[in-house]
Amino acid sequence: MTGLEWIILLSKLLVIYLTIVHVVPIMIWVERKGAALIQDRPGPNRVGPFGLLQPVADALKFLVKEDPIPNSVNRVLYAMGPFMTLVPASLIVAVLPVGDFFEVQGKSYFMQIADINVGLLYLLSISSLGIYGILFGGWASNNKYSLMGAMRSASQIISYEIPLGLAAVGAVTVYGTFSLREMALGQEGTFLAVLPRWGVFMQPIGFLVFFISAFAETNRLPFDLPETEGELVAGFHTEYGSMKFATYFMAEYMNMATISGLMTTLYFGGWHLPYLTDATLLGWLGGQRNLLAVLQFLIFFFQSCCLPAHFRLGALDGAAFPL
Amino acid sequence: MMEAQPIYWTHYVATCLFALGLLGFLIRKNAITVLMCLELMLNAANLILVELSMRTGTPDGIIMVVFVITVAAAEVAVGLGIVLNLYRLKETVELDAFKSLQG
Amino acid sequence: MEAFLPVLVLLAISLGLCVGIFGVSTLLNPRNLPPVATKLNPYECGVKPEGGARQPFHSQFYLIAVLFLLFDVEGVFFFPWALVYRESLASGGALLLAIAVYMGLLTLGLVYIFRKDCLEIM
Amino acid sequence: MKELFFIFFSLYTIAAALGVVLAKNPVYSAFSLILSFFGLSALYVMWGATFIGMIQILVYTGAIVVLFVFVVMLLDLGSVVTDHSHSWLTVMVSAIAVWFFSLLMLRTFNHTPLVAPATPLAESNTRLISQLLFTEYLWPFEILSIFLLALIIAIYALTRPDAADKRKVHP
């Protein structure tokens, strides 16, 4: 690789990765403000205009807080737990395409960190690693509630991984490739004269399955059984404080962001706008379109937090297998 | 992928892995660790299969690896099920506790 | 393999981020606070912790994990099938038949599990 | 450059495997196993078998080791480390036996004549593998599904919920 290629690679990497990292505080703000809007209360409104700086303040607070390590924990695994979730969460970002390509000095570069020809498999396999942080963290905490929360969380995540994978198989049959870039390319144009050629319209059932599984995978409401406050104190991270807790939190939100990105890529045409084929317009709007769609999904994720719905754990795990 | 200089020592890595797995299989007493060492040995075999398959240009080895992985998963599932039952029987998974085959 | 190089770089960056977070938070943490016994105990809503945390669980969890493993392995075979599905449609339905037999047998297994109520009590 | 990566991942895999064998606590063993499978998957990818590399992570790291970790946590084997190692004599004898065995293996590998690749496998061999799997290897594939079906029944027979399990925490 030449120097220029390295520079482009690194800049792509930093831009995409930092976007995902920085989406986290924005997501938290949107979640809290949105919940406040729905529940008719002010929400965060002290720090900055509209409480916009609240996440920054939170992050600072997390950084400078005392980090008590309980006596009974297994110190090595306790310290490594949060990172075992954060690293896979950051690695998934690599295969998400955020746009078509751009040209530098006559060579075209894809707007994607790594165009792997088995991208979908890569994504599924790396995202299945996040459960180790939960399992080891819960176990190392040496707390009843942590361990139980970890087991519940893990069994829920693994149960819903299979429907997630099978829904993705549906997408693969349509496009005949594992590369997420080519999948997004395959959704260009329209079919039946009216509808955009998106995955949602090609695979409505697959999308539904994927959608439900995505909720369960990220432990959002109504699938928040691992963190039922009434039964288990807070789930697997009961014993975690300070920055370690924040790391778990960050990984969770990053997972949400990437899974929304995957949903956009598989079912909402990636960077393609409906009815528009003009290349220049696409080139400019395309990058934003994907981000917008991601944000749209995130907002949906949070709004559903306010739906008071609980399932029994058994019903949940049982429901996963027929899917 | 493969330049003019093929890397000929992957089988040394595989042999090392297999030897480690075998050693662990012999010297460990915890049934679960023994099963893990079994996995190591299977993986060493997989590595050799992939290496040979890529070096001779035949994809059969790779397909073999897919089957091996499936069977390994099955083996682990049954093996750990048996370990669970052994634990129910004697409240331990030390293999020395199961010298006699009578319950 | 060239395609995987960025992944390696990303791995390095994220590991660096982890180390950075850890380092900064250790630097900024208040130190030399007097150790309080209750703070260092396992948290059980203020009640004194009782018994060990790690107790044998119900084996139902094992069943869930093992079924996940099996269906995961089965799912692996769907991926190569899906990859060549489009191309094989032109050359007759042999592939469709193959996967139909496979799926039929798997569904049989699934029905067996449900008949036996493996996933019932939790 | 490439050789460097190869050496690094090889050594890393072997070191992690050493961890599996030597760790006293099964939880650490499982952790090392994860690391070692990562290294193996990197080696597969470097050999050009990307599909296998991904399947390795998806099935081995993502499912099989999860099962190990689950069992270790279910049976609570990690917290009380009982150090019942064999006597030194047994360990030494095993080590020597393994040493000779691996020498034998290496000798076999080094003396196996390899047919030079007429047409080396392409970088993206995933499609080729998929096609072969459903044509030439169709029967093994179908037999595998019967095997998996039998496995489901066997697993159920093995882990049938017992009424006698009293001491268990109900989740």
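Which chain is which? They are A, B, C and D, in the order written, and residues in each are numbered from 1.
Keep this in mind: a contact is a pair of C-beta atoms (placed from the backbone, for glycine too) under 8 Å apart; a residue touches a chain by one contact, two chains touch by 3 or more.
Being a predicted model, the structure only gives us computed values, none of them experimental.
> Between C-D and A-D, which chain pair is linked by the larger number of C-beta contacts?
Of C-D and A-D, more C-beta pairs in contact link C-D.
> Can you name the chain whose C-alpha mean lies closest to the mean of all the C-alpha atoms?
C
> In whole angstrom, what separates the CA-based centres of subunit A and subunit C?
One centre to the other, that is 15 Å.
> Any idea how many Å lie between the Cα centroids of subunit A and subunit D?
About 29 Å separates the centre of subunit A from that of subunit D.
> If you average the Cα atoms of subunit A and of subunit B to get two centres, how far apart are those centres in Å?
Subunit A and subunit B have C-alpha centres separated by 34 Å.
> Residues of subunit A that touch two or more other chains: which are they?
Answer for subunit A, listing residues that touch two or more other chains: 116-117, 121-122, 139, 142, 147, 151, 158, 161, 178, 313.
> Mind pulling the subunit D residues that touch 2 or more other chains?
2, 48, 50-51, 55, 58-59, 62-64, 66-67, 70-71, 73-75, 78-79, 123, 126, 129, 133, 144, 148, 151, 155, 159, 162, 165, 169, 171
> Which residues belonging to subunit C are in contact with no fewer than two other chains?
Residues 1, 4, 54-55, 57, 59, 61-62, 65-70, 72-73, 76-77, 81, 83-84, 113, 121-122.
> Line, ring, star, complete or other: which one describes how these chains touch?
Shape of the chain contacts: other, as it matches none of the listed patterns.
> Strictly by the criterion at the top, what is the full list of touching chain pairs?
Every touching chain pair, ordered by label, is A-C, A-D, B-C, B-D, C-D.
> Can you tell me which positions in subunit B touch subunit C when the two form their complex?
Residues 1, 66, 69-70, 73-74, 76-77, 80-81, 84 of subunit B touch subunit C in their complex.
> What residues of subunit C sit close enough to touch subunit B in their complex?
Residues 1, 59, 62, 66, 69-70, 72-73, 76-77 of subunit C touch subunit B in their complex.
> Under the definition above, what is the set of subunit A residues touching subunit C in their complex?
Residues in contact with subunit C: 1, 9-10, 12-13, 17, 21, 62-72, 79, 83, 86-87, 90-91, 93-94, 113-117, 121-122, 139, 141-147, 151, 155, 158-159, 161-162, 165-166, 169-170, 172-173, 176-178, 233, 238-239, 242-244, 247, 312-314, 317-318, 321-322.
> Quick one: which bits of subunit A touch subunit D in the complex? Just the residue numbers, please.
74, 77, 116-118, 121-122, 124-126, 128-129, 131-132, 135-136, 139, 142, 147-148, 151-152, 154, 158, 161, 178, 313
> Across the complex, what residues on subunit C touch subunit A?
Contacts found on subunit C: 2-7, 9-11, 13-15, 17-18, 21-22, 24-26, 28-30, 33, 39-45, 51, 53-55, 57, 61, 64-65, 67-68, 71-72, 75, 78-79, 81-87, 110, 113-114, 119-122.
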